[in-house]
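In what follows, subunit A forms one complex with subunit B and a second complex with subunit C.
The block that comes next holds the complex of A and B.
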């Protein structure tokens, strides 16, 4: 576990033991001072919500071994319930400060986690995955049918500033909302981390790895899964509640399979084997979504490519790749990897440029207006009707790929040598 | 009423057999490799788009042959260079991989063809009504869909039970190691089955494209339904998939035709319901409206109470 490794056990002081949490807290507090623009704050808000959502998803996939295709159900229903609470409190004017409304979402997530978990957590694996898919489709379809509750395709909206002021704050500005969301994020992340350290969290790992042995030790695998499932539902509901108060609208999109897919994507790209993995995944995904989409319309395709590449070549995710290098860094041997990395990295970059070039040109062919033939790409104007750009990008892609593949064994060998040294140092 | 029943039956049959063309490949792939292929419906969509592009150049009929072959090749490549590498990480990783492929195919279709619905039409000769009953036309194209689906079903049955290849495939499902010992190239059989299964999905796309529309969301419309079919039918059971396809097809077409709600039921037995309560949606919703939910309800119920499916022998 990423966080566990950096926090030295027992003896050291409270401040030192939780150093990474304090660092994260400082970062979260200071970020809006650095990124002041409205869009930057909006991106941060989205990021924080997604971090909670992905972490809750990883309670299922990473820690409990339950592959869910319907986790957005708890996110979206949490959003709907929180939104109804905001509407009610705003209309009736009873005492309900905004920062507490996500709890309604969390409780909704908990309740539906109990309801759906009670019959879906009997087994993990494919059965669980299929049931979660079925429930996901059912809830998504229902949210379009039960219009009184969900507002149909338009969704439901409310004004968050209608609520009781919270110590004088009405949460009209983005920054105020940011601190609210970030506060919930820190609290939720810390609670989820603590959860993973409890006996229940440990048993969830045991049930994931070997349910039969867990049963023999005396734990009901079903109950362990159900409790993890409910906890995951609770935090997904919190994230949904924050989504509701941030965007002031909840639609069918929050419960449907696309959202369920995105959270799987985030968690997996980040690395499901580590507590910090989904955080990395959510941050990277949100950045890709918000920044990359400024430059290209086909950003989702690139995200898909990254996802498939992660599944095929780096199943431990981005965090896994970082963690692979941590022991080498500790013995100060990272330098020995620089040259092999350069030998693979440069051709790989060429390959990436080639692939991106081809894809962008291909996409341009389908969207261009009649008569247009020049595409701005990599600070150049390219004529798609001439073969030259296609040939150059094609050669870069193919050539880069083969050179990178030839150089890869040397990199693996260098890494293995360095990590063997690191291990030798560790044992001594 | 009779008109309704006859046409619902016919439409249900067309839809159900289309589902079977998709689910037969999926269920074969599952029973051999234990992989639920999320990308199966995406390959179906790919078939429709390939056929659209081919038909724009050389016409519908060549597309009917070429597009499924292309999709089959794509499927075989996915198995050979993707799935086989991921296999060592286990079933969950395989499931996630096919999910990623499904995502990628959908995005690449939007990348190449754009987001709009394609103008992919049936050939002139089939765009006439075949017969008219009680003033309602039954299009010739639907009859054509029916004929292709039945043809595929019979061909599949014959290949699997009457040919040498079919016997090897059946043996490889239950005893892959034994088959490998006997000198057969089992990984090649896997790739072949995956390719043929993909080609069937592609063919389904080719013939469904003009009827159901060729648009980037067409995989999502059928994707989960196909899972319902193979789980309800019993994983690995071809007959189960056949019957479940028809069941789901009928269920959906008949549900659409029934405009009846709980409120009507209450009214018959003399209970009046309040229109203003928040739960009133629950009463006024008609069977036609909850039609899309029914297959998934069936899926969940089957998985809870009979994980082997209706006709399957092994659990999911």
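The block that comes next holds the complex of A and C.
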């Protein structure tokens, strides 16, 4: 359950109160010193953009209770507008340093948030979800129709180095761009966190929990939703602007429903009930996308599986799982969970290997060249025309699943016992 | 004394069923007013009409002389009218402290502010702690409201209602489902928090009604059959008849 930290205001020092932010800042500054390769920096850039985008999405879903299927609209339109600004400034040569261009994206997101939010935020729930889907489809279609603005299927491009140098930096190198994007990420994440701690942010939670009650304490649920929606649009636009300057191209892909789906997926896998959830989700998703795709062509299928598994077995997301264990860790009882975890984890791993094996073999069947029958998988050469690998993977998948399910209640019981102890300790 | 709330020829129908049939009622400022009546008399409907949850089919509602018929709930709340709910209506995923705090943000003029940190609003936080103290829930401040016991949720419900400092308070069966000692506790609480305020409450428990109210209105089949101070109501034969089988003492 998502209960934000409500402890009475601690009057500890500024440094200590924001310790986690300082740690994050140090990490962000040092990362490119560790991950030096061009690919690594590219992954980091994408990650930072997705962190902002996911956090903005969670202003709707997690904090405002609005399930949007069209959040990419504000991301993509932000990207288009920022790209037009870069083109314009590059061509006309007026004063416009690159680091300021995402603001154009943010303002575009804010404007379209106001425009579309003015009628879509009247209600939450299904009506809101459906309208968001409709707007998403509409804007995606428009981006192929209004070619002058969007460049059609090719999209629009620009050269970011044409702009006014920023303290001597032209942002030709990936690392320079990384610091630009990471800076915006830290600023945006911090602002979004602050937002969640303001009267409006708190009332967004209240409207999510109980819109009727919120009206009877003086707040218009529509207005609260609209303002949250605009803020979410603004930060999605910032993310879109960063996308534009990072890739130097914006296409229909940035506004379409696939992107809207991805941001939902990220936030959900990470955990929508926690501020940090979407950050975890964006990092994990980007890693899966970039690393997993080195090993398998059907990585997106696995991401889908993970999503379904999260919804079914861990609705509080990865962050939720971590938070469930934090109190147990604090009373040093994590050890008591090791054996139950092993009992579930080993069969679950077998199940995963079985499922992956079957999927990879199936995929290989459909793409293999004529006459080929040997698939390399898990450091083995498997002949897809023999029944043995199929049977083994099948047994692993089915057997693993049922054994894991048999063992799960013991794990839940162990967790409950440990957390009861943790709670007892907490209340003294 | 001036009138806090005035109902003029109020009608409410759901489909072809008339629930409220021409109610006229004036509640003076500073008065503790109870609405009673047998089951199905339309008490809750009347309550929801006054608090703008329902729109009347006909008639007017005046709040301190101002016509508020058809105003949305949040505007009525901003004019200083707060209500509680019969079915507990809190913010279940937020802490008890935050529930109370949300109840007063508008009233304390922070409105849609997105540039202030709630933890640094000293006036709001001090008042939130005061309200928690008043409803006896200080020790439960950080507990998610959704896991409170029923009686605690009822107390929190009242806490949210009074948090904004509204001077017209409407309570819908504040003691419903409570045992004797919880009821006594709640009556004491209501008495304390409605000091110098206008209270309108719908209540089943006669001891609560006669212990708290300055005036009582009896509603039967959507019509007011009697309205007056407790002594008068107690002796009224029409009321006794309406309550046949239920004791009025």
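The rule is simple: the second predicted complex is superposed on the first by the 419 of 428 C-alpha atoms of A that agree within 3 Å, B and C clash if a C-alpha of one lies under 4 Å from a C-alpha of the other, contacts with A are read in each partner's own complex, and residues count from 1 in each chain.
The rule we apply is simple: a residue touches a chain if its C-beta (ideal position, glycine included) is under 8 Å from a C-beta of that chain, and two chains touch if they have at least 3 such contacts.
Owing to the predicted nature of the structure, the values given are computational and were not obtained by experimental measurement.
Student: With both complexes overlaid on chain A, does A:200 touch subunit B (first), subunit C (second), both or neither?
Tutor: It touches subunit C, and subunit B stays clear.
Student: Would you check which partner chain A:91 touches, where first means subunit B only, second means subunit C only, and both and neither mean what they say?
Tutor: Touch status of A:91: no partner.
Student: State whether subunit B or subunit C is in contact with more residues of subunit A in the superposed arrangement.
Tutor: Of the two chains, more subunit A residues are contacted by B.
Student: By the touch definition at the top of the document, which applies to A:312: first (subunit B), second (subunit C), both, or neither?
Tutor: First partner only.
Student: A:387 contacts which: subunit B (first), subunit C (second), both, neither?
Tutor: Neither partner.
Student: Using the superposition on A, tell me which residues of subunit A are in contact with subunit B and, in the other complex, with subunit C.
Tutor: Comparing the two interfaces on subunit A, one with subunit B and one with subunit C, no residues are shared.
Student: If you look only at subunit C, which of its residues touch subunit A in the complex?
Tutor: 51, 53, 72-74, 77-78, 82-83, 85, 89-95, 97-98, 101-107, 110-121, 125, 141-142, 144, 146, 160, 163-164
Student: Subunit C touches which residues of subunit A in the complex?
Tutor: Counting only subunit A, the residues touching subunit C are 1-4, 6-9, 194-195, 197-203, 205-206, 208-210, 212-220, 223-224, 227, 231.
Student: For the complex, which residues does subunit B have touching subunit A?
Tutor: Residue list for subunit B touching subunit A: 36, 82, 85-86, 89, 91-93, 95-97, 99-101, 103-104, 107-108, 110-114, 220, 224, 227-228, 231, 278-282, 285, 289-290, 292-293, 296-297, 299-300, 303-304, 307, 315-316.
Student: For subunit A, which residues are in contact with subunit B within the complex?
Tutor: 65, 67, 69, 119-120, 122-123, 125-127, 129-131, 133-135, 137-138, 141-142, 145-149, 257, 261, 264-265, 268, 298, 300-301, 304-305, 307-308, 311-312, 315, 359, 362-363, 366-367
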